[in-house]
Amino acid sequence: MPGTHSAKDIHEDINCPAACSSRAAKFTELQPLMANIEPPREHDNSPVDPEQPGPRNQQGAGARFLKGVSYFSGDMKVFGKWMEKQFFLLQLLDWVLRGAAQVMFVNNPLSGLIIFAGLILQNYWWALNGFVGTLFATISALILQQNRGAIASGLYGYNGILVGLLMAVFSNKGDWYWWLLLPNIFLSMMCPIVSSALASINSRWDLPVFTLPFNILVCLHIVATGHYNHHFPQVLIQPRSELPNITWAEIDVSKLFMSVPVGVGQVYGCDNPWTGGIFIISLFISSPITCAHAVLGSAVGMVSGLALAAPFEDIYFGLWGYNCVLACIAIGGMFYALTWQVHLLAIACAFFCAYLGSAIANVMSTFGLPSCTWPFCLSALTFLLLTTGISAVFKLPLAKVTYPEKNLRYFWKLKKQEKIQTADKERIESEEEQKRIKEEVVMNEKEQLRLELERLEERRGEGEASDDKDEEVEQQGTEDVRHDDLTEVAVADLV
Amino acid sequence: MPGTHSAKDIHEDINCPAACSSRAAKFTELQPLMANIEPPREHDNSPVDPEQPGPRNQQGAGARFLKGVSYFSGDMKVFGKWMEKQFFLLQLLDWVLRGAAQVMFVNNPLSGLIIFAGLILQNYWWALNGFVGTLFATISALILQQNRGAIASGLYGYNGILVGLLMAVFSNKGDWYWWLLLPNIFLSMMCPIVSSALASINSRWDLPVFTLPFNILVCLHIVATGHYNHHFPQVLIQPRSELPNITWAEIDVSKLFMSVPVGVGQVYGCDNPWTGGIFIISLFISSPITCAHAVLGSAVGMVSGLALAAPFEDIYFGLWGYNCVLACIAIGGMFYALTWQVHLLAIACAFFCAYLGSAIANVMSTFGLPSCTWPFCLSALTFLLLTTGISAVFKLPLAKVTYPEKNLRYFWKLKKQEKIQTADKERIESEEEQKRIKEEVVMNEKEQLRLELERLEERRGEGEASDDKDEEVEQQGTEDVRHDDLTEVAVADLV
Amino acid sequence: MPGTHSAKDIHEDINCPAACSSRAAKFTELQPLMANIEPPREHDNSPVDPEQPGPRNQQGAGARFLKGVSYFSGDMKVFGKWMEKQFFLLQLLDWVLRGAAQVMFVNNPLSGLIIFAGLILQNYWWALNGFVGTLFATISALILQQNRGAIASGLYGYNGILVGLLMAVFSNKGDWYWWLLLPNIFLSMMCPIVSSALASINSRWDLPVFTLPFNILVCLHIVATGHYNHHFPQVLIQPRSELPNITWAEIDVSKLFMSVPVGVGQVYGCDNPWTGGIFIISLFISSPITCAHAVLGSAVGMVSGLALAAPFEDIYFGLWGYNCVLACIAIGGMFYALTWQVHLLAIACAFFCAYLGSAIANVMSTFGLPSCTWPFCLSALTFLLLTTGISAVFKLPLAKVTYPEKNLRYFWKLKKQEKIQTADKERIESEEEQKRIKEEVVMNEKEQLRLELERLEERRGEGEASDDKDEEVEQQGTEDVRHDDLTEVAVADLV
């Protein structure tokens, strides 16, 4: 019941500050992994999907088509609701598939299925590791009794799939080295713990944890073992120490274009352009806006690579693209409501992310580490922490984030309501409101008086005030001093 | 007076959010170093130690024995109270000894004394440096007028002893290089500053600072001077760059078993197994639970080292153990109340800590740095930030943390009270409460109305709402929008 | 209207915790960049500068002289107010000049002008890059609609000038490599974004962002391109790997003395002692306290370099000074009110900063990075996070920070008012106050009861309390348990 729940939240917020109610704190810290984690609503009595207001006479077939599309696009809420009544293993499969797609912020099992198909096309062993990672991350979240809604949205699985995949990708023992599944399972099961810990921190700023748990855990594994390890050797990564040979005449334009889908594929560590293409399709199914920003991000990454004189092989391989893909999706419509200003911001973020990506890759290669998706996480967090006076740049509350199209509808609705209220309010001409405000002010003044008294008592303890240079105290300063207006009056009356 | 003090805290929390009262903020930021820092209670009229409810007839001798034990086990509260009336230098000695033991979360001067004995057994010069470090850290805390209760619990000393010891351990000038005392004193005196600063940050999440100040300051010293320094050269530490030679046939089982006490000793940088054994005894005196988890942690570290194919010398030397020792103590009963779920969590944390230890050691060796206790700090903080729905995993409020046995009693008491209240409440059948809740709801609604008005005025300023696509706004969305239920009604009345 | 604004803030703080009102959060996060960012007041009707209470008969000429000085010393508020009515480009120039001076915490366009003169004396190309950086950072802040008062104080420009300057300094392509302006403009325009993001975080602890955005962005640029880059190669920086040759007989005392102004100059990356001297003059114009602490900091840095056996060239080159200069200014009067205790704290901070500087320089040279002003930022933030019981160490609220002299007057005024109030309060003998407090307590008790009820309901959900070992629950513990005093009574009545 999101409506009621929200109302309750407001109550708590008003009466009880963050520190006093550990329950409230706990609750909000359980929430904010990445997106809408409300448990699927049971009270939704409307038989049709509420997003599609039902077929009207003049629209007929089109509406019916849209309704059909709504069943497998977006976050497939109807399917999710239906799943709740199914066998547990089937539910778990749904969560795993959603987890696979959540890497790209997509809460859609169909997209997840297509993504697994793409992974299988790339490499069976990698796909298996990815599946094991998602599965055990989800199971671990269940054991730790994390928020069921978040688990059902796949928010505890996406770090698992990346951990599993990338551990397989960077292993130097080649495919089908079965022992690798041991650290894979251990680190996947650590995912929900790290996610929950980071969410406790990030929730203070209403920020998601993105793929930080994956970054932390995979870097942990790679650097803990390293290239020179008997059990789990890693691919050798070394810092660049000489001028790369770049001849602009040698550039291969077709490969350069191919690097756009490859960049999308590299989000999952895949260098097969067909796999990247399949991923793009899976994004389009759920959200065309996400899909467009993914392609745009990959292109921005490619351009940045050229601008910063990166070796062509790196660009062809998609290493400049995948972080920008994620950053561009995150800013462009996912956590901000999409307006043209936000669109520009997303492009700026993608450029910044590419720059950051080059920097982080160079730093981490010193330790034999790949850059993972650190650049995406850091750049997206920076842009989400941005506060601006531009009203068209609206950051959605984390609990309201779903997918770009729905986020946009939410934003439009807010805007419309504001307009109505503005017009409305001018009419009522603030009669009753004024009265109520006055009452509140009286209440507040009493509160302030009490605070004043507390301060007074506090100060009495400090005692030894230096009252030399009294004449230097500027007149104007008196109004600067925050909490003294009241006591001042009292003083004036008595002096 | 902890009861009164707490009640006052609640008052402040209710009426005054974190931002408004700088006094409250200051107070809470002074508090949260590591454990129970309430100043010893003067109003404690009961002549016997309240933890031991006095000899009863049926228990007689046993109770008297337990009471005797209580005088020098746990946190030796009676002794601490007695100390308050003594000569200042004697008090300072008490604080220094408690500081020495607080490295292992033990607030007990007897344990501290035994630990110093162990250090002297290891190396006179190191013991001297450790003593100087603890002493000056405590003095600096006194100068900076930090919380007296925290100082008396040794919470400002434990970073000092580690700074002093490890600076001596890693110095390349050998023993009795007297100039080393200069940076030792300077950095020890910086400890309370760094502690206080970190506590300001960590207190927001009710987290202790652990040994982070020590880690920061020792790494600072080592990397600021480095191996190639004329005045304060450091031991040369270099990253591994080739496959270590590990032959499983060569493993020495007796040394492997010895690595468990050595691991405990390495918490203080000591590689003598007898020293480690003495430390284990000192832990047992204060708290058997702590002692058991210390040994368990060291064993887990050893196993992890074998699993990750570490060179045997490192394992024998206890380098895989000491972080796990601390992590296992911290999670297993110290900051969580000990239940079997928490016990499993502590073991998981120890494994994670070992993994992390290997990773951090590899990263830091690039800079010629040892890994210090960074792995412990980071893994323990991660596990303390974890939020879970499991009711048996109860994180104690930082102000209530003392030692595992007492923490457990506190937890049991809470549980029992809950049970009584639950039963009780079902009886009274919520008559008066319902009434009161209604009153509160009315109050809250008034508050909300005021907030609505503020928002309305805010929005009026934003003005330019985009009202196209109005028909797309979904019905269901209306209840999603948090703060509009009230104004909506007004609108509906007027349209 | 700072007075009104503050009063409103208090209202908000009291009634509405941080989490509930996104507006309030946004507002406070927009604020806390570095200093007094209130928009220049229009309502200031007093024709003369209010800081100088007008010429009095007995002072005559002296007062008139002081009044004249006040027009171009301090933050030149009168000039700033006059500027508001001028042409936009002229305003922009004012903001750029203030931005140039804000690197040293000086909000004064005249100082900025002198600093630019010093830069031109050093190197035309660097000065140009610095100007471009400040300009585009300010423009970017305008585009992003950041707080106008902060922009007008130059708080969005100072990172820009450093980014521009240092990118030119560390470029390996030599002067007048025009392509460098491209990344310069891009990164300068990123400054306000990074500033705003960091302010969102730091504002939680009422901390400024210092030069962190500059550090992040310049390190980003240097490490993203590196020494081996075709387009933007950087100067080669490598870690020290052998014992430097230090012969104390070779020390050059005149160069050592010269290193003090050079250290001040190195804040802007300039090694010309005359440029450093000009900077010192520019500081003196605005604030003699700032100037004195700058020189003191540079001297402390030099001494630290000698103590830690740094190569003499580094000391002569001012590399040990510039961080200490900034740290000493920040602590010595800028963010703390200057008392002799704070003065000692500033010196301690400068020493700590020098230590940290050496450490960070060694770590960052591994990645081919200079240490920038990271040491200053980290050490100053540590000392600002310090909480202490010493009443003479008074940290100004960030919104009240202007320049040391004015900060001091604010502190004295507070002290004086406290004294009056203390005396006053003893007279009224808390008659009415007591009454009011009682009323508030009644209110609070009602609040608490409500909270109790919430907790009761919460606990009922948790249910399975373990009530074994009930007899072990200590008597004294009952008052420890925070939130049970009330319910306990109810229980006692019924049992």
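Read from first to last, the chains carry the letters A, B and C; within each, the first residue is number 1.
One rule holds for everything that comes next: contacts are C-beta pairs under 8 Å (C-beta built on N, C-alpha and C of every residue); 3 or more make two chains touch, one makes a residue touch a chain.
Small disclaimer: the values here were computed from a predicted structure and weren't measured.
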Separation of subunit C from subunit A in steps, with touching chains one step apart: 1
Copies subunit C and subunit B - interface residue numbers shared by over half, same or different: different
Whole-Å separation of chain centres (CA-atom averages), subunit B against subunit C: 30
Subunit A residues counted as touching two or more neighbouring chains: 10, 14-18, 20, 204, 366, 397, 440, 447, 450-451
Parts of subunit B lying in touch with subunit A, wherever the complex brings them together: 10, 13-18, 20-21, 23, 28, 204-205, 240-244, 246, 307-309, 348, 351-352, 355-356, 358-359, 362-363, 366, 381-390, 397, 440-441, 444, 446-451, 453, 456, 459-460, 462-467, 469-485, 487-488, 490-491, 494
Touching residues on subunit C, where the partner in the complex is subunit A: 2-3, 6-7, 9-11, 14-20, 22, 26, 29-30, 44, 46, 50-51, 53, 144-147, 186, 190, 193-194, 196-201, 204, 219-221, 223-226, 228-232, 366-367, 391, 397, 400, 409-410, 412-422, 424-425, 427-428, 433, 436-437, 439-440, 447, 450-451, 454-455, 458
